[in-house]
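Below are two complexes that have chain A in common, paired first with chain B and then with chain C.
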Partner chain A sequence: MLKLKTANADALYSRISDSAKLYLPVKRAGQVNYDLWESGCEVTLGEMTVKSPKDLFFPQSEDLMAFRVSGKSIEIENPELPTEPFVLFGVRACDARSFDVLDRVFLSDPVDSYYEARRNCGTVVSLGCLEPLRETCFCSVFGIDLAEPEGDVQAWVLGDEMYLSAKTEKGEKLLAAVKDLCEETDGAPLAAAKDEARAKMAKNPLADLDLTGFDGEHMMEKFNAPEWKDLYQACLGCGTCTFVCPTCQCYDIRDFDTGHGIQRYRCWDSCMYSDFTMMAAGTNRKTQMERFRQRFMHKLVYFPANNEGMYSCVGCGRCVSKCPMHLHIAKVIRTLGGKKQ
Partner chain B sequence: MNNNALIPTIGVVTSIRRDTPDVKTFTVVRADTGTGVCFKHMPGQCAMLSIPGVGEAMFSITSSPTCTDHMEFSIKKCGCLTSWLHQMDVGQQVTVRGPYGNGFPVTTELKGKDLVFIAGGIGLAPLRSVIEYMLANRADYGHIDIVYGSRSKEDLVDIDIIRDVWMKAPDVDVHLTIDRPQDDWDGHVGFVPAYVTELGFDPNKTVLVCGPPIMIKFTLQSLGELGFEKTQVYTTMELRMKCGVGKCGRCNIGTKYVCKDGPVFRFDQLDELPDEY
Partner chain C sequence: MQAVAEKVIARAKELLASGEVQRVLGWEKGEFDYERTPALFEQGNIDKLVYDKFCAANLSKKLVEVSKLEGKTLALIKPCDSLSLNQLLCEHRVKRENIYVLGVGCKGMEGKDGLCMKCEFCKGKNFAISDEVIDDESCREVPQSDRFAAVRELEEKTPEERYAFWRSELSKCIRCNACRNVCPACTCIKCVFDNPDSGVAAKANVDTFEENQFHIIRAFHVAGRCTDCGECSRVCPQGIPLHLLNRKFIKDMDTLYGDYQAGEDAEARHPLINFTKADAEPSVVLNRGE
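Let's turn to the complex of A and B:
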């Protein structure tokens, strides 16, 4: 394990930037989001980013291929898949788990070439939480250890020091390049801090959510639960929850006429939208209740039923804090049973 | 880049047949060689067809896998892409990707069975592929009944093939019906579900049904009354699709992605899914 003074973090960022693009939480115009590091930018590791880091692997909008159309003939221009390495720094444990969830979708057969290319280019430096980042965090409910995040390199900030520990080959390569800025450590002070973090997490208001019954076996029971009727009422169908969510992966494919040809691209979409499943004969989810139910059934029942119990929610709390109507997955879990009381 | 699932191949339309006022059947071959199928498929599988800049949509491959020199698609005009396809001419290139979905279990569960095909309107498209596959492998299947209905005689898709090939094939009975009486129609008149009841099939047969949701619903009732179990009845589902590979989330019903795990399901399998289709 390596450590360096947080006061020297800029030297670390600068060194990483020498060989790869570095993305990390940066405050711009009052909002913290993953952004490209530049000397002098306001790195803000201590706040939850508004948008999740999924953008780096599954961009909000991404070109898929282009076509040249002339008369009756069509020519395909294959995309140039990204090859440039980048480092994603400061990813919290919840978001680090979200990459596993997205991997299940995009790397399962048939592999999504675009996602795979970005995933191969990226090195993830995760940041262990030595206290829950916010009141709305409930990662522990999904078996995520806030203090021991997944990733190529794990980092922690304790007092005025940053600790770095490689977990994969990619991670070791990254640390080898910054070694001279750091000193070796056994990381002893971290153990107590991690335990403290876990204890604090256990006291977070949503940490007592109970997922009992959210599984494939209870699919029909949950689907037909009478509670959905009241629960969805306030939902505006705005899609905010899906856009800020690290694990929401629904997308649309569209064509755009650039004037020089046709660009086919994909962009994030939302199952909360009324035209998501619209067909000539109408839509199969006619009411907002059905669409609302789909989002949560997918995350809490269908996805785990297909993925050995892995939920498609990581408890990041973004939808909890961003839904304009204070509707969110925690409320759904509370209402549909599984209360620890 | 064949391993990129979203990148299509180019096909070219070599003939266009008008079946009904709103259905045309398009013959497509590979554009690079000017002949052959864009890819191999099994009956009931689908393909994503597109005209860049206009749209991309899922269609059943209506030709049989045993037809290797071209692919056919029967397409009903109902929106942006389908209207464009209806006004284009022979020689037009299209993009094609697939095959998608599971298809009907022709080499397993359906083998050796007596079969009843029940179709309404454009619902014949996926079934035609199965029927022609079975006719080409006649010894592997038992007796075949085909019940096919549409609004009027002008709305029967593939009518020439039905008259010239299927009606003359060994051990095949074709039962056509139209919704309302018409001059110079001496066949059956009435809705498909009632006709199925009237024909009174032996409930040991296996049924493949495809058509508008309302027709499927009442046909299932008729079959139930005749003593058919849900485990003997197959259908193919239609939901909005974009990716075709189980990733864009659009066609998700319960634990299934219809584009990948379907579109063919047995009714007992559908019973285990949330009723959202």
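Let's turn to the complex of A and C:
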């Protein structure tokens, strides 16, 4: 394990940037989001990003192919898949788990080559939480250890020191390039800090949410629960919850008429929108209640039913803090889940 | 506030019990102590109705849908919400005969981070519309503030600085449309940005031009009808000060056509769809753009 003074973090970022694009939480115009590191930018590791890091693997909009028409022929152009390496730094345990969720979707047969290419280019440096980042955090409910995030490199910030530990080959390669900026350590002070973090997490307000009954076996019971009628009432159908969520993975494929051809692209979609999965037959979900139910049924029932019990919520709390109407997943679990003693 | 709140709840229960109204549109508690969610209440769940300093959400837009229900709905309406509601009535979006408006006194609303921006710049404690009002002296104090100060600061910048300011703000936009969906002036059944034949997808975050256009077009669409209720800025997940765009429009209209508050008078025609002899000449308007 390596460590360095947080005061020297800029040297670390700068070194990483020499060989790869570095994305990390940066504060711009008052908000923290994953952004490209540049000398002098306001790196803000201690706050939750508004958007999740999924953009780096699954951008909000992405060109898929282009059709060019000349005379009577149509030419098809496939965009070049990205090959440039990048480093994603400061990913919290919840977001790190979200990549597993996305992998299940995009890397199962048929593999999504666009996602796969980005995934291969990226090295993930995760950042363990040595206390719950916010009161809305509830990663522990999904069995995620806040202090021990997945990733190619794990990092922790304790006091004025940053600890770095490689977990994969990619991670070792990254650390080899920054070794001279750091010193070796056995990371002894971390153990107690991690335990303290877990204890604090257990006391976080949403840590007592109980997922009892959210599984394939209770699918119809949950689907038909009368509570949905009240739960969805105030929903604006805005899609904020889906756009800030690290695991929401639905997209729409659209054609843009460029005047001399077609640009086919995909963009994030939201099950909260009225045109979601709209087809000629017009059989998509007609009411906001059905749309609202879909989002939470997918995260808490359909996904685990199809993925050996893996939930597609990671408890990051983004939708909890950002829903303008406070109708988030925690409220749904509280209402429809079990009652922990 | 406590005393007013208690009276409000008691009165709502009374009107419901007497059958004068069939349901109540108010707020209920959420997971965290500062969370309040708009909700409909009937006999069975009326005990969950709350009114306190966290009831910031403007309920007027919900009445577009709720006033179509059978029977009367009691709506709890704060002074600023009453402007939005009156504007909606003016546009025939809410069925007046199906609502009972209970004006509720307010001492400024809070969210997780303290006093709401809209309350910092409270436009007054009068009710533009109500069937009945419950408030007291303490609910009529209006804070001293200048809502156009930030607009003037922007006006004093060079065009390049101003552009840089708006780019830095608007580049954060995730196109979630929360600002539009919460806006009581945005009640089109199908928004122009949701037209699948328009060639652009509102949810796609493609280029900066589209990002700017969305907000500029929206500001134009609500100009003259925007009451400056501040909901757009309150709900934006990226903290974009959208109200500054609207206030710029309001300030310009005030300057060119005389002071006007949307929603104050349900019979009024707003300056952009009205003509008076005192209106500024088009040339004056044109010159300002240069």
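The rule is simple: the second predicted complex is superposed on the first by the 330 of 341 C-alpha atoms of A that agree within 3 Å, B and C clash if a C-alpha of one lies under 4 Å from a C-alpha of the other, contacts with A are read in each partner's own complex, and residues count from 1 in each chain.
The definition used in the following text is that a contact is a pair of C-beta atoms (placed from the backbone, for glycine too) under 8 Å apart; a residue touches a chain by one contact, two chains touch by 3 or more.
Treat the numbers as computed from the prediction; the structure is a model and nothing was measured.
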**Asked** Mind checking chain B and chain C on superposed chain A, clash or fit?
**Response** fit
**Message:** Touch test for A:Glu135: chain B only (first), chain C only (second), both, or neither?
**Reply:** second
**Request:** Check the residue A:Pro110 against both partner chains and state whether it touches chain B (first), chain C (second), both, or neither.
**Result:** first
**Prompt:** First (chain B), second (chain C), both or neither: which does A:His218 touch?
**Reply:** neither
**Prompt:** Using only C-alpha centres after the superposition, what angle do chain B and chain C make about chain A, to the nearest 10 degrees?
**Reply:** 90
**Contacts of A:Asn284 with chain B and chain C, given as first, second, both or neither** = first
**Request:** Give one of first, second, both or neither to describe whether A:Ala29 is in contact with chain B, with chain C, with both, or with none.
**Result:** second
**Request:** For A:Asp252, decide between first (touching chain B), second (touching chain C), both and neither.
**Result:** both
**Message:** One more residue to check, A:Lys173. First (chain B), second (chain C), both or neither?
**Reply:** neither
**Prompt:** Once the shared chain is lined up, is A:Lys200 touching chain B (first), chain C (second), both, or neither of them?
**Reply:** neither
**Prompt:** Looking at the overlay, does A:Arg15 come into contact with chain B only (first), chain C only (second), both, or neither?
**Reply:** neither
**Item:** Nearest-approach distance, in Å, of chain C Cα atoms to those of chain B in the combined model
**Value:** 9
**Complete:** Residues on chain A touched by both chain B and chain C 252, 257, 269, 278
**Message:** Considering only the defined contacts, which chain B positions touch chain A in the complex?
**Reply:** 1, 3-8, 10, 31, 51-56, 78-79, 89, 91-95, 212-213, 238-240, 242-243, 245-252, 254-255, 272, 274, 276-277
**Request:** Could you please specify the touching residues of chain C with respect to chain A in the complex?
**Result:** 30-32, 35-40, 45, 57, 62, 112, 168-169, 171-172, 174-178, 180-182, 194, 196, 199-201, 203-206, 234-235, 237-240
**Item:** Contact set on chain A toward chain C in their complex
**Value:** 28-31, 33, 50-51, 60-61, 135-136, 205-206, 230, 233-234, 236-240, 243-244, 252, 254, 256-257, 265, 267-270, 273-275, 278, 320-322, 324-328, 330-331, 334
**Prompt:** Inside the complex, what are the residues of chain A that reach chain B?
**Reply:** 64-65, 67, 69, 72-76, 78-79, 105-106, 108, 110-113, 216, 219-220, 223, 249-253, 255, 257, 262, 264, 266, 269, 271, 276-281, 283-285, 290, 294, 297-298, 302, 305-306
